[in-house]
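By letter and in written order, the chains are A, B, C, D, E and F; residue numbering begins at 1 in each of them.
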């Protein structure tokens, strides 16, 4: 099977021990993650050949982040290096009525210093089955946006399937452009996008209050896009969410089962586990309905796994899809 | 704004790591806390100038407890010292159907050895806006009861607003007097009291089965008291409580929203977070309804914070009052 | 009161820190346990003299496992030793929708190398009130099955009450015999058995779809058996179970209260806590109904205690039976 | 072999994690120990039947402390219980040039509340081979001193060998008597004492500058005492000590090998491991020279074991006496 | 006594657990420190009123760093805030033959964004006894250098004693100026400087191979400087250093005792503990010889304390100066 | 550069937290290692392409062990899998006078079940530069010995350089053959061997008391062997060793510098770090003297790194060879 290639920034994630606040912590747990890389790792655990492309500093933290990808079986051979820093993000996990708190400290990272032509996308994407990008990357710097466009454009040219997670974050976009300036060019060459109504408005200028209508409008304007996926999260509190998803496939809006997720362990990366599940499903030629069921179950399991990445196996996800052995003690 | 002054004992709190029982622990987590001091700390985090008055041993544990207050921004300049020990309390956190277990080891503490005139209350309370005491203090020793009376009496004389948390605990009161011998003199000079029907019976000899009637009876007998507050806790199990509160303000009994609190992290100090919220609300001239809503939300958040004290900010509490961002992941 | 004697294998249990997966762990928590020994420990905490009989390796891990039994007050004076290894089992605790995972590594243990006549059962059981065995033991090796039969037969001869937890596990039974070859001889000399419909089919060849009918059929064939107990667990997810139990006492099927168990801390050993509760109840001459209520409450509490064994006291269990102080903060 | 009986207080010991100071600790490691009990535990690990007699509170900490003794195989059947507290001591381990710091919080313990006749010494000491006491016990309270005298006197009467570790500590002796008032009556009925010149002066009023002369003077005045042992510690710094010992046996002063102890892990209880080694040696009829060599090696090993007690085996100690495998990696 | 004011950057320090390398760590211990602030903290523990001036981000990490200063009793009332980040530094502690490794990630910090006139030095230094700065500050940014000059100049004008730790670090100085451009103006208004021959060459252009001659040359050129201090460290390995110091006081070069420091716990901040000891000594009017003995002992103790700051008391330092109780177990 | 291929068993290593004994541990630290794999990992960190060949169980522990190799950049593509277990070894680290203790639990592992022809050595070794084996492998089982012979024989045929670490361990060799039966056939086809006089006697039947003479005798009998290496360790105690090495290269015995290693962190795998250093040196065409200096320094650094493997870089090792920055704090 052709590999899946993802592109995006990886940061050091620092979090206080369970339930502690930033101001209480005498230590931070450390993992390394980023939305697109999390997807590559999840796919590797689902048995899909995956490669992640990024830019790291030439220090022990860049080295450790690479090691972590390698540990999960993700190909790292086209990662490039520079003299700058590794971005950091701090997460204080919420619980019950208390919200989670994220403090980003990513300015000036090796990734933000990406310049066009730093990556040989023809070489990287040769023979690949899939390319995944997210709206975080073009929001970081002009260079990152340019490199992302190069990747998408090359993938399109080479006939590689493209998914984009729009993922609009207002606090990014500090380099003088807005999402609406940059995103349409990236989105219009993607086959499948993940997003919600606010993303469509902010990144495409398409304002609709109904998801199906929005999808129709997007498809009309950007006919390359054939499927649009969205997720629904009802946050009852920090330990209890309900989660489901839907896909518009040109014909209809198909909706997944809803999971009632109590005793949440780690909410970070659940959307990435979802995206990896989708890519897995379509690569394995599942129907759209089966693909979103698989992806939604993969997302549900990630809520129980500490860290940024899902290590769930195909068997675990499919058991949950079938409703078997949920939370059982298997001897 | 004038400072809030609190007076009461601080103990070393030792607790096994999450979920372990006393008999299993190979280490104890250590924090320092006490009902009245917890209120001072919460107020400091809410931006209110707060001072705590107590008596500590002249050893490293007294020193560390002072440092903890200082760390939170609580003024400690009128704390006095003696040669005795720091009281200790051990807490085994319950979970699900298992109850929490507290073992007190507080006899002979530096606080219990307080004697009248050890504190210059005129000096301490000069310019203060508020004085807070609780029914724990007069239960500890005759000297502590006497000092508490001195403080209340001085505060009254200086026109400082006074709150008292009656907090009747049968296991205290070992020094030869009962609550009914001592408490009325303290309560009758307080503006606002926090208590329930059992407290009123044990400390004031007022036995009523209806809260409003009890309040009317108290106010009739002790006209200085203008507001009476009470809290309602429905303990479904050790991880799941429901919490609300009410205030009788001379005219009516106003009731707060009820919070459904699952996945409780630390139940200790939640009442103190409530009391701090109330004092904050009234100092900020909130209406009685708004004050108890703020206080109830502050209390709800404390259930998610490990340790004795709440570090919630005004913004966090008000967001919860408005029902916004509950348990969300804020990027 | 005569002692309760249990017989069975004890393993080293290794588990990742809370919520971590096997593949994430940089340390494992270690305890020592086994179904029958867990019962002996629970009984010791309920004030019943208890002795456990097993075979351990002559190394530091056999020594530590003995120390753990001694720590809980279990008599270890008839344990024998050999040159082999201590069995190990690994448990990855599930949470929410994720199942728990157990990996056994018990082949070749000192217990599996038991040979007939290694234990002087006449000496061990002299004056005992009760003997307990489980279906795990005869599944391990021919020698273990033989020793188990010797124990049961001797107990029967000496008038010692016998309980057997059938506990059929398909993955055991690797030494060339099946449960149906071995179990009937052991079961037929037991006074009370714990099991479900699948156990009866696999171990006795009695296939019924109704529990009461199955009990009647068993009693008819094996008249020594006078009571048959079963437990009901509804696994909503890994953090939330519902649990109840029933006893058929020759006349009727009595059913216990159902507990709704959220925020489960450790599911392992809950069945053993149940069995210990039952033995306690009958030794104390409780009615069948009271015995299963006590046992069910004991089981409920074990869900909140980390490790293999319950350390609940009689007072704690009886409070839960009465529905008092559930999850309260007791000062 | 007849058992060794020890008598003395056991406290909860709380210590910051390695290298942290009291004022830095967010947790304390907890063990349970006391000089005489540490000796009983060491002896149990050396294969000698040992019993410890003490008085504990009837709470979870008394219960845990008993469990710890049971875990090590020490007989606890004559321990008595009362309503008071368990004494606590805090230890901040020194390192390099920094001294260790101990804060005692032992006033009002269940042990301090011992009264005469609480223990049936005839019953306890029947058939015992050895009784051990220390000078800490008579320093705690009049009742403890009285009970200690009862024990010594009964042991003497029953022909049980008696060792006393004089262990003078100026900060104890708060109940109105001084060591010189109380100790001579206890010492004069002991067969063997452990002490140094300062102990002899403070407890017996015998002031000598030469150890052999002091021994001769003591023996002359108290002819029951036949051997006097002393230890030499040269504290180069908190991580590096040199240790040796000597015994005066009526004829000569025999001196042991000196150990150079670097990278010390835990200095507490090293003297107790020494005393246990001595008792072991004499019970096994070693020569005086061999006995102090064994004891000195046992003491050296304790410096490498965290906690209050030595768990060294006879084989480990004898290997060190022979100078074999010191610090080796044994596969 | 007038306060000591220090000025400099505070960073978050992240370090792997003891002995682990960066690439192995699954958590980092977190403290907050910086050379000048470490001195203020040490002085507070020595009983000297201390204030630290800096600029922090307006987030939870700035808030926590302030809390840490407050906890130690350092006045923080003139700290200013901005929107930028908190600098971070990572330290991998060496051991034995392995060197320690530091990775700085301090670019773009709130401190680096300091601009002239952000601090009201007249107000801050009014009534102060001492001002301390280091060569790290002017190396960070032009604004920081300017503010440092303002502070020194104001201090000089107000008659406040000034110490400067030259502390030349080649890897700083990235903003377009070199040390020799900036440092002379700062040094020439300081009363006392701490530095070595390389510092003098790099920051003052004075190249000498003899320390006394260098001092004479400096004093000749900058007559305001009356004392020059230097430290000697012989790094045998990462766990074993030898340390001493010297002061040139215009007349002679006085040399301190040398400490042989084995089993080093934390080498960071030892120079700051030294500087604090010196300031203490001179504030207390010790002789130059006594001042460096005190400072050298304070530095020695810091090697045993984890974290950036020394919490040694005057008593502890003076005991070490007298050579008493070194590494003893004090009961 | 051609890759280095190593072949050997990997086990799960479980060790109590620093300084604790097996009987004290409530958790074990877990890493995965084995002599030959440790060498592959070290080489990968030295920048040499390395592949490890082994057989793992098809469970989460086999999977985690593979991930660990991948994390360090070791090629794992020819590892095979089977249904058996992963071997385990337990290590209690010694300290000061206390020896380390290892308990092996490796019987029945997936590696021990290796059969001939399970590995396609022609394919694996094609283009390789080096093959490394140790005497542990042929001691495990006949199948492992056979596979090891196949590998060596194929390597010889393909012109791949071969190193063998004789590493005789008496406690292995349980399958009916002795070292002298099996080892000569393996050794005689190796280019370079690592061993000492006892190894030569036990595995080759060559008994000499002088190392050079032994080397000459070996070379005479097995002319393929051109270099013989040995290491010297003087174990002063568990925290303090002295280490050096020598190589006989047909002409002379060259001896390395001796390192005095205090404050040892982890002694396991130091020999493997040495061997990796040698292979690195020769692959880089260092002289024999330079190769053993590099290897000895690499070994010295491993004593400071927790776990089985060295992660030292070429730069770190060469700095130590040059005697630079030993234990320094590098900013």
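Convention: a contact is a pair of C-beta atoms (placed from the backbone, for glycine too) under 8 Å apart; a residue touches a chain by one contact, two chains touch by 3 or more.
Keep in mind that what you see is a predicted model, and the values were worked out from it rather than measured.
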| item | value |
| --- | --- |
| Neighbouring chains shared between chain C and chain E, ordered by label | A, B, D, F |
| Mutual neighbours - chains that touch chain B and chain E alike | A, D |
| Chain whose Cα centroid lies at the greatest distance from that of chain F | B |
| Cα-centroid distance, chain B relative to chain F, in whole angstrom | 63 |
| For chain B paired with chain C, centre-to-centre distance based on mean C-alpha positions, whole Å | 46 |
| Computed distance of Cα centres, chain D from chain C, in Å | 41 |
| Two or more partner chains touched - positions in chain B | 18, 21, 23, 26, 67, 101, 262-263 |
| Chain-level touch network, classified as line, ring, star, complete or other | other |
| Chain C to chain B touching residues, read off their complex | 18, 259, 261-266, 300-301, 303-307, 311, 316, 319-320, 325-331 |
| Interfacial residue positions of chain F with respect to chain D in the complex | 18-21, 23-24, 94-102, 104, 169, 171, 235-241, 262-263, 267-268 |
| Interface residues, chain E side, partner chain B - complex | 67-68, 70-73 |
| List of chain E residues in touch with chain A within their complex | 14, 21-23, 25-31, 59-61, 63-64, 67, 85, 88, 90, 92, 101, 103, 105, 107-108 |
